[in-house]
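Pasting the structures in now, so scroll down.
In what comes next, chain A is part of two complexes: it sits with chain B in the first one and with chain C in the second one.
Moving on, here comes the complex of A and B:
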């Protein structure tokens, strides 16, 4: 009986693991949205690569437009820590440095999810972050994060 | 050359030069000004740019708007000429140094901190945000600015050069046009100058400008010149005739002048001082032996002048005043006729050469050798006559005196005024021989020379004899003009002649008296000879007395020392005798009583052993006593008075523990035995002292006996030289023993034959003198050698040097350096006499180190 229970639990966990993979998040309460980037899913590594300005074009040679939470946004610290492994100020300095070096187009900064959603939905090739709770406002632009 | 000298060239070069200088100034200063302006402009631009970018940074970080910054940077990035590098620095805190945040540059290896800031134009702007603070720094290479300046200036330079060339050409054209009529005037003026009137080609102008006036004036000048030329031609023809005539006259005059110069032996000269150059007339060059151009210098002329006249000559030739001068100089040029040197009279005066404006000396030089020689001869004769001791009188034919010398005044006692105009008869007296008067009269009438003796009187009536020579004086043509009388005063001779006659008669009578006196004189001489012989004997005796006295004086000097020397051993003898008396009277008897017969044997045995040992010194005794005390204390603790016992043992000669000492200490009566032995040793030491004192006294007495045993020794004896000198050293020992030393190096076996006591006196004197001179502080060494059959005895001392000034006098009689009463001055003189008496020699040399007396005596067969 106990063995059966054990088997059941393991199977459940495996099922749950499969299900979590499909809706993987960059961080807690944070999902990625994008507009016409040629793919519906990205790995976390790919997301970081695009958002760090290491790649300026999507696979179809479409220019990458980045939407980031501004310093006023509550998401700024989460994004900075999860993507740039730094603080919100560090993230800005990172981008300032890239701008001076001319290595990437600078991102757009938005103070709220609504502004981010508005930008992403109206600009092709754009990518941004919103809270999970606002997922419904951008259902068609959700990007699936695959495990690496 | 014609182009460069022309008027058109002069005008052209003047303006072109101004233009060239102006252009050069512009080219030199303009680029700098341009560069400064561009640098200023660029600097402002960079400042604005840095401020804009700093603002962009602030916007990016504060408002999160990176787009504008990116846009503006993209703009400048595409326009790279705006700057060479852009650097953003970040300052993390106030205390930290700024660090590079980001930089834009063409070069990958760009290092902001390594660049040479002097080569860049650098501007910066500060930004300040909540996220970070820092600076935006922008730099632009100054080379780029320079290139920019060059690019800007190039067309300006091209334009300037173009303008310069065009202007130069324009100036040239203008200059040519302006100078053309002037050139025509110059050309025609030159034709007039060269008298090419036929080529003259200017026409009369009616215009009133300056060139036309100049041309008209030139035409008038040409006409005047033509007229003048004609007049000159006529004048020249007349002038030539006159010059020819004048030249002939001048040549004739010159010839006559030369003849006159030759006759007068006169020549002329000119001297240019600034050139140091003479010019002479031909006859002067010959006379002064001037053959080369070097000889025409002042230095050569000076070399011809006698040194007595050089200063006068040089002063007159170099003073350069307008005053004329006239000098007479003697030269070094020989005069073959007279055998003397040539004389010249030189006249001169400085003039100014009107052409060259230089001063020159001009004058004449005349040879005056004959005149000078005549003058010299006349002067000599005149002086001879004037200064003659003989009286000289010159009369005219009427016998009236016209000239006399000073001797006449002295002889006759008349004044010159009284004599001149009178006749010589004024000097004759009534006693003058009539015959003589007659001879004089006849000779004068016959105009003959004659000689006679005459008696005259002075103004005061004193008579005097004269030897008179009268001679007629003839003119050059042989006509008698007067008479000259030379009078020699023979009054003294006349008186002497008289006296001689008297003497001759007296001598004759005296001769007779001498013959008789001679006979008695021989008897007197024999008597005197006897007296002299007696005197010599007396002198010899006196000398011997002196020698004896000197010896006794030396002995007197020695005697005090000798007495002391004798007294010392006698004192010791007396003390020893007293000691013995005391010992025998009391202690010895007591000691004998305290010991047994066996003890006595031990006493004698110990005494016999210790007797042979010499008495140790006090220090050794003390040391020995110390050693013995420790030994006795250790081995014989029962002995109570070990300290006194060890002292007693050490005083009788024990040094440390030995068999005899152990045997002695084992004896019960050891204290009395030691006391008795000590007593015996004391007796023995007293006896030894008495013996030594007696020997020393005897030695001194013997030496004294040898020294003073008499001077009457008549025969030489044989004696030992070393012993003889040792005796003297003994006698002088009181002087020697404190601070002096005498080393007698004479070998033992040297035997001398002579007067021993006298030779003793020699050594005593020399050694005593050395001691006295050095205040008894010297070292004396006596050496001997035998050489060439001679004994050489040298006595050397290192006392004070005998001064050079007196060393030759030390052997002189009565010479002494001692105080009055201390020395007779006979010591060394007697020494020398004694040495010479032995046929020997003595000498002395003295220097700073040593004084050495060396006596050599011949070796005589013994």
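Moving on, here comes the complex of A and C:
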């Protein structure tokens, strides 16, 4: 009986652990945080769409404010590859071009997770990325990533 | 600190009660506004960029050779958020002008206010680049973004580069990322200050982006050019343009159909811009003109992009706005991306005005000329 209970607890913990990973990670070691965007979960496709400046507003009519890792951030390459399918420099040029066309507002670039967390937690409508190890600093702002 | 200030005001005998209330109210307002500001202080309101280029040219002309350095357009670019829904975009360029005593003039290239009134739909007011095709909608004056050294030839003759007026814009709508642009404003004959007559130019364009990096677009532009005047919204190199326009003083019905197809990925790059121009006058009737620009590039080792392009324009002998003209330009070159803020491009090109397979009008043959260019373009 005790062994059965132990197995059930272990299985539950494993499921919770698995679910917890699915909650925030959009790529390896990368989680999404956002502030008052009207939803608590997004699909990866939606995240990419917002992060590429394809949508001006969230469903709650808040303006989309994008926080991206600057070239000195360790996350720049991961974000550039997983969201923009390009290099870190390619991501910077993508935004320079989009802003120059007048088709999107410029994003904010941050060099560390701390700066990103500070920005996102103090600006409604903002979205950004941090490393998984720092998610405890932004527990109330984690976004669940659903399968497309 | 604030407590000390409050205490000093509250207990200072010099202040009467009404004065104290006023000061406290003022401090309260200051505190509220500061709190509101600090909550959003990280949002950058204004961004300033600078774009420019420097060139070396070697032209082997039929009668002479020219070798020179050239200072290109220097572009001051600014965007600013005025409210959550209203933004400002300004682009001021200092550029070469042969008529200026210093040969350089400042020029307002874009000055627009954009109101995002509903989701991805916007209203734009001001001076803008007429979104008739991909090149004019995306690259503007930023040589840094150009895949090649120069604009397509049509920009010097057929493409109405600017409009000062109103624009309804939608983008990334639905699964195919449909976009539209409806523009009405001062046309080809106007300036940024005034226009003669009551006619405004009109443009309607749509585009789709069915997959990443791919865009198809078509547009129609109409303008009634009163007195065949070439103002400041026509092509960027208007010497020929204005000379021909000066001879014929009648009105012109100017129609331009444009089709663009573009694909720009990290590896493969393709762009095709076609224009069909119908230019009607009381003098020689309707002139049907055409231009086409094709560019192909392929990136190797992330930073080096060899490319080729073929460009031609064919203006009918019936045309009294641009004037009878044929230009063909074949180039082969290479672009090296130093980083995301700078690139170097070079090309060799053959220019001719001969009648080719693509021309539908007869043209006199002239000897070919050749060019070699190196361009350093930057944006930061």
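The rule is simple: the second predicted complex is superposed on the first by the 126 of 148 C-alpha atoms of A that agree within 3 Å, B and C clash if a C-alpha of one lies under 4 Å from a C-alpha of the other, contacts with A are read in each partner's own complex, and residues count from 1 in each chain.
The working rule: a contact is a pair of C-beta atoms (placed from the backbone, for glycine too) under 8 Å apart; a residue touches a chain by one contact, two chains touch by 3 or more.
Model, not experiment: these values are computed from the prediction.
Colleague: Overlaying the two complexes on chain A, which is it for chain B and chain C: clash or fit?
Modeller: Result for chain B and chain C: clash.
Colleague: Quick check on the superposed pair: does A:85 touch chain B, chain C, both, or neither? Answer first, second, both or neither.
Modeller: second
Colleague: Where does A:93 make contact in the superposed view: on chain B (first), on chain C (second), on both, or on neither?
Modeller: Touch partners of A:93: chain B and chain C.
Colleague: Name the contact category of A:118: first (chain B only), second (chain C only), both, or neither.
Modeller: The second partner, chain C, only.
Colleague: Kindly classify A:55 by the partners it touches after superposition: chain B alone (first), chain C alone (second), both, or neither?
Modeller: Only chain C is touched by A:55; chain B is not.
Colleague: When the two structures are overlaid on chain A, which partner does A:70 contact: first (chain B), second (chain C), both, or neither?
Modeller: first
Colleague: Considering only touches as defined above, state whether A:108 meets chain B (first), chain C (second), both or neither.
Modeller: both
Colleague: Which chain, chain B or chain C, is in touch with more residues of chain A?
Modeller: C
Colleague: Going by the contact rule set out at the top, does A:137 touch chain B (first), chain C (second), both, or neither?
Modeller: In the superposition, A:137 contacts neither chain B nor chain C.
Colleague: What residues on chain A does chain C touch that chain B touches too?
Modeller: 89, 92-93, 96-97, 99-102, 105-106, 108
Colleague: Give every residue of chain A touching chain C within the complex, in rising order.
Modeller: By the definition above, chain A touches chain C via 49, 54-57, 63, 65, 85-87, 89-90, 92-93, 96-97, 99-103, 105-106, 108, 118-119, 122-123.
Colleague: Touching residues of chain B toward chain A in the complex: what are they?
Modeller: It comes out as residues 57, 60-61, 64-67, 69-70, 73-74, 77, 86, 88, 101-104, 130-132.
Colleague: Sort out for me which residues of chain A touch chain B in the complex.
Modeller: Against chain B, chain A makes touches at 70-71, 89, 92-93, 95-97, 99-102, 105-109.
Colleague: Considering the complex alone, what residue numbers of chain C touch chain A?
Modeller: Touch list, chain C to chain A: 39-44, 47, 49, 51, 77, 79, 81, 84-85, 87, 89, 110, 112, 114, 116, 119-120, 122, 124, 128, 137-138, 140, 142, 145, 171-172, 177, 212, 266, 302, 337, 339-340, 379.
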